[in-house]
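Down below are the structures I want you to see.
Both of the next two complexes hold subunit A, though its partner changes from subunit B to subunit C.
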Partner chain A sequence: MSTSAQGIVERLRSILGLAPEAPVEQLKGYVEVSVDPASLRDAAAKLKAAGFDHVKSVTAVDYPDKKQIKVIYHASSMLDESLSGYVVGLATSVDRDNPTVPSLSSIWVSAEFQEREMYEFFGVNFEGHPDLRPLLLTPDVAAQRPLRKDFKVVEEDDYLKSTYDEYTSTKRWV
Partner chain B sequence: MTEPMQENKKRPMFSKGNMFLADMDEMVKRAREILKKGPLPSMVDWATAFSLWPVHLMTSCCGCEIGAAWGPRFDNERYGSLPWVSPRQTNLIIVEGTVTRKMGCSVRITWEQMPYPKFAIAMGVCALDGGLFYNSYNIIRPWQVIPIDIYIPGCPPRPEAVARSIVELQRKIREEGVASGWLADGERQDLKNIIPKEDLCSWRGEDVDLSTRYS
Partner chain C sequence: MGTEGSQVQSLPGMQVHPLKKNLYEVAIGPAHPGSGHMRILVRVEGDVMVEVDPDIGFVHRTMEKLSEGRDWMKNIPLFERMAILDACNVTLPYVEAVEKLLDVDPPERAKYLRTLLCEINRVASHLYGFGIFGVFLGHSTLYMWAFGDREVFVELAERLTGARLTHTYPMFGGVRRDMPDDFGQHVRKAAAYMRRRLDEYAKIFLLNPNIRSRLEGVGVVSKSRAVELGLAGPNVRASGVRYDVRLAEPYEAYDRVDFEIPIYEEGDSLARAWQRVEEIKQSLSIMEQAVDWLEKHPREGFVHEKFWKTAPPIYKKVYAGEVPYAGKYRVKMIPLYASLKVPAGRSFARTESAHGEITYYVESDGKDVPYRVRLVSGSYRNVIAFKYVMPGHRLADLPAIYGSFDYFPPEWDR
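The block that comes next holds the complex of A and B.
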């Protein structure tokens, strides 16, 4: 069992059966593997069998220029000491207009609530998720996909001008 | 037999079997007249001012300062104020910091559950006008949900500021006669125009009647 950084990359290649030219990015303690959405569930099952027993976080990145949304599962190990120093990012890129990703909550149970969060903040649909509802937001706010790049937030100076008029007109203060 | 009949003619309230039901409106009217004059209003205001019990509704991080304010060092309980758990036995909401949309629904429901006369203090700059999260998609201002009596600025306010707000609220109640006026009129006159705009509980799939007056 090799615990060096290069060793973990080679080990991942052998686990996932990746081609030598397959994209594998590597930072300090973090390795990111990009797979297709169709083979995401197989790759997750292989990682789970190899000892990556939990998901630390599920996150998404919005790329409006590429018209893609990249969903990343950060998996790591608690039981295997040679793997627990690393976080493996299992990434997949889907279409931005209709993002649909197979749900991994049947493989990693800790991914269930995180997938609900990505559903409400980015509008990513997870196929096979047992309970796909908004988690933290109200449904009207979740329908606006508030963490996408094209979501407009209120600017500071406009905000101060506009609501002062609203205060004085409605006499809300007591 | 004749004398009681004459008495009943003078006071028709007691002439029929449904005596209390028939004249309940008049009795309430008389009780409110009594509440408006004499020594009772000042007694009601005095009693309310020294029993301001805030409900345990920690919306955000200013709740830590609330813990310090009612703790042994700053000891707000010496003003007759005691944090309590149930909204049914309390008459004060201290909105502690940021209120998210879901929490705004809870604040509103808690306010509706409390018996009147009841009061609200908005604590911290987030409760004033958003503060750090002024342009967030997921917060509301507390004045959109409930009528606020006192605003405390600060991020977070010191426990002394919380104590000052309690004292100021006591002064407001006793000088303006808020509690006795509320009981006498059945509604609070200076808060009549505050009606929240949006239905914050619509995501629950329930109909909450927002047209109910603040009484």
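The block that comes next holds the complex of A and C.
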């Protein structure tokens, strides 16, 4: 397993044309390749041409300390059986205050709905997305970016609210 | 907004708004008697669908956010709520991802026990899907049969784990308890029964001319289209793609049991239904192989040594069958789980659940709660198909296509 895992790292380097010092990490269960947002589309196109034909998961992770949001596309292959045993995480980090990432849904259609989800939960703006609007949440809730770390989940207390004013004061959105 | 003089009647659960001449918007759901908690906004020209917008999220329970505030262990019962009919399959990748971070490999016996429950769940879930499919097509006999036969497998799961649906069976480093002594005979009996029933299902449903005329050639997804949309599970295999996580990246005991990956080339709704029948047959065979192995091998640990060594001595006597406690071999929860901290790191795990591949991305910063958990289930990967496959079909084909994808709203909304 370790030799073949090393093999996929080398293969990715040659697919993406990366320099030997470029960050390709063998993590637990997938290989993470970090690129800057400007070259994300280019890297995705190269991966797709090499056989990584679909996206399994689009993830955003919020790092308030670093003032960054990291977006990861986990891609793999269904048709190429030599690649389907591996998952590649194509990651890019953007500024937390203005997170703008080029949309990859024109390259991988399978990313379309998941980009919408990351847009509503983190406020990541996917440039060039065909239909960027909230997917699961209502617009009021989505405006608060609920999966960011500064959105605190307030536990409800055990007592019934006896007046309407009391009730509305505990609501977290309108 | 409305066209002059047009009177369109709305049915319960289905509202119709005229947009312009001959173009109507039909809102199906969100409380449709068959579909469950999901709305589909369809624009129809005449009765041909031209634009379909799946509007999901009606049963969103903020699981990803909640998981960031709960102990590692408590997330397992949280995540299994997303698809209680398939509880082992949907929580297993989370457990595997955390095991990768803990650097713990469960004992062989635990792997077989997990494989066994995964397949029991898969059969039960496919039967549930069949039942709903029957409702969609107005075939209430199949609904009654499938839900009745599902009970057999729900009871098997209960015998193994103690709970009908939310079993919380896989735990970090193993499973929650070992199987009872007489479990093998129940599995073999259930498998023999189900094989016979599948033939009857074929006679009354899949070979029924009424059903065939509604399913054949409807909702065709070509091989390249299925891959492009990233569909998952039986739906992609019914389009001729040979992809199954059990094959691509074998987990648990799947590299030691003997099974085939059935494939259908047609890619239509009927092929997706047959696909599930063939998968049930394979699952029954895997279940039998797993209990054979478990009966042949001695009861040597169902949890990794790291956790088992912290168990009180009385637990070991109970597991050895010397002290009966609420039945044989029934060990209580090992205390170490409550105070578990997971080393910092990132991991990714995937398994093949009944509705399709399910993946977890888990990130830890070394605390007693996860930093980020991202989960993508098979149902979600399939929902995109409604947008791209349905247009061009008649409105009457919508239930057939919807049912054939075995879409389960709570699993994606989570």
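In the analysis below, the second predicted complex is superposed on the first by the 149 of 174 C-alpha atoms of A that agree within 3 Å, B and C clash if a C-alpha of one lies under 4 Å from a C-alpha of the other, contacts with A are read in each partner's own complex, and residues count from 1 in each chain.
Convention: a residue touches a chain if its C-beta (ideal position, glycine included) is under 8 Å from a C-beta of that chain, and two chains touch if they have at least 3 such contacts.
This one's a predicted model, so the numbers in the text were calculated from it and none came from an experiment.
Of the two partner chains, subunit B is the only one touched by A:154; subunit C is not.
Partner contacting the larger number of subunit A residues, of subunit B and subunit C: C. Once the two complexes are laid over each other on the shared chain, residue contacts for A:72 go to subunit C alone; subunit B is not touched.
When both complexes are overlaid on chain A, the residue A:81 reaches subunit C alone and has no touch with subunit B.
In the superposed model, A:54 makes contact with subunit C only, not with subunit B. With both structures placed on the common chain, the touch criterion links A:110 to subunit C but leaves subunit B unconnected.
Of the two partner chains placed by the overlay, subunit B and subunit C both lie in contact with A:137. Once the two complexes are laid over each other on the shared chain, residue contacts for A:125 go to neither subunit B nor subunit C.
Contacts of A:146 after superposition on the shared chain: both subunit B and subunit C are touched. Once chain A of one complex is fitted onto chain A of the other, the partner contacts of A:89 are limited to subunit C, with no touch recorded for subunit B.
In the superposition on the C-alpha atoms of chain A, the part of subunit A touched by subunit B in one complex and by subunit C in the other spans residues 136-137, 146, 151, 153.
Within the complex formed with subunit A, the residues of subunit B that make contact are 101-102, 129, 134-138, 143, 147-149, 190-191, 193-194, 202-203.
By the touch criterion given at the top, residues 136-141, 144, 146, 151, 153-156, 159, 163, 170-174 of subunit A touch subunit B in their complex. Put simply, subunit A touches subunit C in their complex at residues 27-30, 32, 53-57, 59, 61-62, 72, 74, 78-79, 81, 84-85, 87, 89, 108-114, 121, 135-137, 146-147, 151, 153. Residues 56-57, 60, 62, 64-66, 69, 97, 100-101, 227-230, 236, 241-243, 248-249, 345-350, 357, 359, 361, 363, 371-372, 374, 376, 380-381, 383-384, 388, 413 of subunit C touch subunit A in their complex.
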